[in-house]
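After this come two complexes, each holding chain A, first together with chain B and then together with chain C.
Up next is the complex of A and B:
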């Protein structure tokens, strides 16, 4: 490995740890949000499903960077509260990826045959139980590859957090570059690291899908 | 919540916003054209007979789309700064190489959706390889992939906002500038949000309608 990378490795790895930490939190929060929104749309809950539609369409038509700016600059100004770049990033990314995950999970729910729900209801499960024990588990197992695509996307997106000053991988690497000025070497190292982690993530997705797949 | 919304300062800066909006459109359009060229070449290579071409194609797609777009932009802007490429074109190159990988995947699956017999029949009727692709396979593939292309295109438009980080004066960049002057933080970003939303909706709806009429046209021809 080039000397410039070795010398600054701990600092950059610290950034990478932050990136991974943000990704993990957002993946968890986003999936939960997506699941809730998807179930609202799937069950056609009166007012809430309209709100969910508007939320999804709004986020899907907006760049991540602008969502991030709104969470970091806009909302705190509007509601008069303090936030940190880190917190704003997590909030913005959860809101952002949640909309995409909601659409994916909803389309997964739609693939579960209505007869299965009817059978579940006939055996005495309530609507909620039928969703929780029959429809959702089946749907989620079917869309594992799509979910992991979103997680990969999300991990790549964490690089954008550096723009508002979060000390994650890209941000730290660019700081190192500002001191060392060896952009090609440093960017190549950063790109390669992202590449390897993304490939590992999609690999995990494929492995899980193969293990849990239902026909 | 003692913050009163004031859109007056935003309206006063409409010239800047419009300027940024035009830059965003130009940036996206240039990157789009380049991404389609790259995507068509790489996507076609993925369906080639030669193994080396297929491997190259997969390597391109996997490496380009698994590297964050921001890194692509930094690469052209900071990494190759000695080439002195203008920021705008750094943005175009970064966007096009990144989105080209997504387009390639779609083109590959589009070509795969055209029955093999179509190409064989075209070759048998005396067309050259290139002619068979151009006149028989691509037109049919195009119809199948328009919905996926629409979603990649709208993704590209939204992704173009990252060019603001390398100082391309697009709409996001202008928003930051206006925010710095007026402190109407929420208003400016919401305005920009709605403009992106409008642009993305127009582009994806146009493509959807286009594919609808084409499909309808094809069906009418088939029925006749």
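Up next is the complex of A and C:
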């Protein structure tokens, strides 16, 4: 490994750890948010499904960086609270990826035949139980590749957080570059690291899908 | 003797369908249907496709809403908004044309789910019941198989076990053999015949006239959303009253 990388490795790995940490929290929070919104839309819950639709369309029509600025500058100013760049990033990314995950999960729910739900209801399960034990587990299994595609996306998004000063991987690497000025080596290292982690993530997705998928 | 017992049981029928009508938009699918099913009675519902027989049977456990008329099961009004439908459905087992097993669960888990979640049985109790039912339908060796690894006939037998696991008072069958390969039909019918022999109250939508002849007490013939004929089995097969039923019978019994 080139010397400039070795010398600055601890600092850059610290950034990478932050990137991974944010990604894990956002993947978890975003999936949960996406699931809730998807179930609201799927079950056509009055009022809430309109709110969900507006949320999804808003996010889809807004750049990630703008959502990040809103969470960091806009919302705290509007509601008068304090936040940190780290917290604002997690909130913004959950809101952002949650909208896309909601649509993915909803399309998964739509693949479950209505007669399967009927069969669950016929045994005395409530609508909620039919969703929880039959429809959602089946839908999620079918969309594992799509879910991991979103996780890969959001891991790469974390690089944007450096704009508001989060000490994540890309940001730290660019700080190193400002001092060392070896952009080719440093950027090659950064790009390669992202690539490897994304490949690992996709691999996990494929492995899970092969294990859990049902027709 | 048995027949007169059932006639007496009609004083307090298990299922009462009274003047039920249903429409999907402009399409009338059920028109003023009325019938009663006594405890222990086996009623076969037949008729051409689109005649409303599956819809009628799905109205009995509230899977299909209807606009007018009333259905009661053991005195409970199915269409009433105050009725606790999940609770009522636990007493009404249902078997579907395409089995509808949960594909992500094993046969055993399929049979356990509602026992644990709806009936609140302990897992151990539910498992014991599931295993004994699997044995009863001849599939104890398939407890841990996923539906995808079972044949159609096996899947349908698991589905019957799943319905029986809740100890229902009534069993509804919606074309239980019409999605099966011919050689698998009898293994499913055998289970149903055994069930009828044990005195289960059954409403069966089917074109299996051999089954109807063997175990049905009554045959209901439907056409265009109407119950055209509702007669004792012997009477239905010997001399169907309506031209439409005669035509239907001659077509399906011709070969």
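Convention: the second predicted complex is superposed on the first by the 215 of 215 C-alpha atoms of A that agree within 3 Å, B and C clash if a C-alpha of one lies under 4 Å from a C-alpha of the other, contacts with A are read in each partner's own complex, and residues count from 1 in each chain.
Just so it is clear, a residue touches a chain if its C-beta (ideal position, glycine included) is under 8 Å from a C-beta of that chain, and two chains touch if they have at least 3 such contacts.
The structure presented is a predicted model; accordingly, all values stated were derived computationally and were not measured.
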Partner chain in contact with A:191 - chain B first, chain C second, else both or neither: first
Touched chain A residues, chain B compared with chain C: B
Which of chain B and chain C A:54 touches, first, second, both or neither: neither
Which superposed partner A:125 touches (first chain B, second chain C, both, neither): second
Which of chain B and chain C A:199 touches, first, second, both or neither: first
First, second, both or neither for A:17, with chain B first and chain C second: neither
Which of chain B and chain C A:183 touches, first, second, both or neither: first
Chain B versus chain C as contact partner of A:45, first or second or both or neither: neither
List of chain A residues in touch with chain C within their complex: 113, 115-116, 118-126, 129, 133-134, 137-138, 141, 212, 214-215
For the chain B and chain A complex, residues of the former touching the latter: 1-3, 62-63, 66-71, 74-75, 78-81, 154, 158-162, 164-165, 172, 175-176, 179, 183, 185-186, 189-190, 192-193, 196-197, 200-201
Chain B-touching residues of chain A, taken from the complex the two chains share: 57-58, 60-67, 69-70, 73-75, 77-80, 152, 156-157, 159-160, 162-163, 170, 174, 177, 183-184, 187, 190-191, 194-195, 198-199
Touching residues on chain C, where the partner in the complex is chain A: 58, 61, 63, 85-87, 89-90, 92-94, 96, 98, 100-104, 113-114, 117-119, 146, 148, 159, 162-163, 166
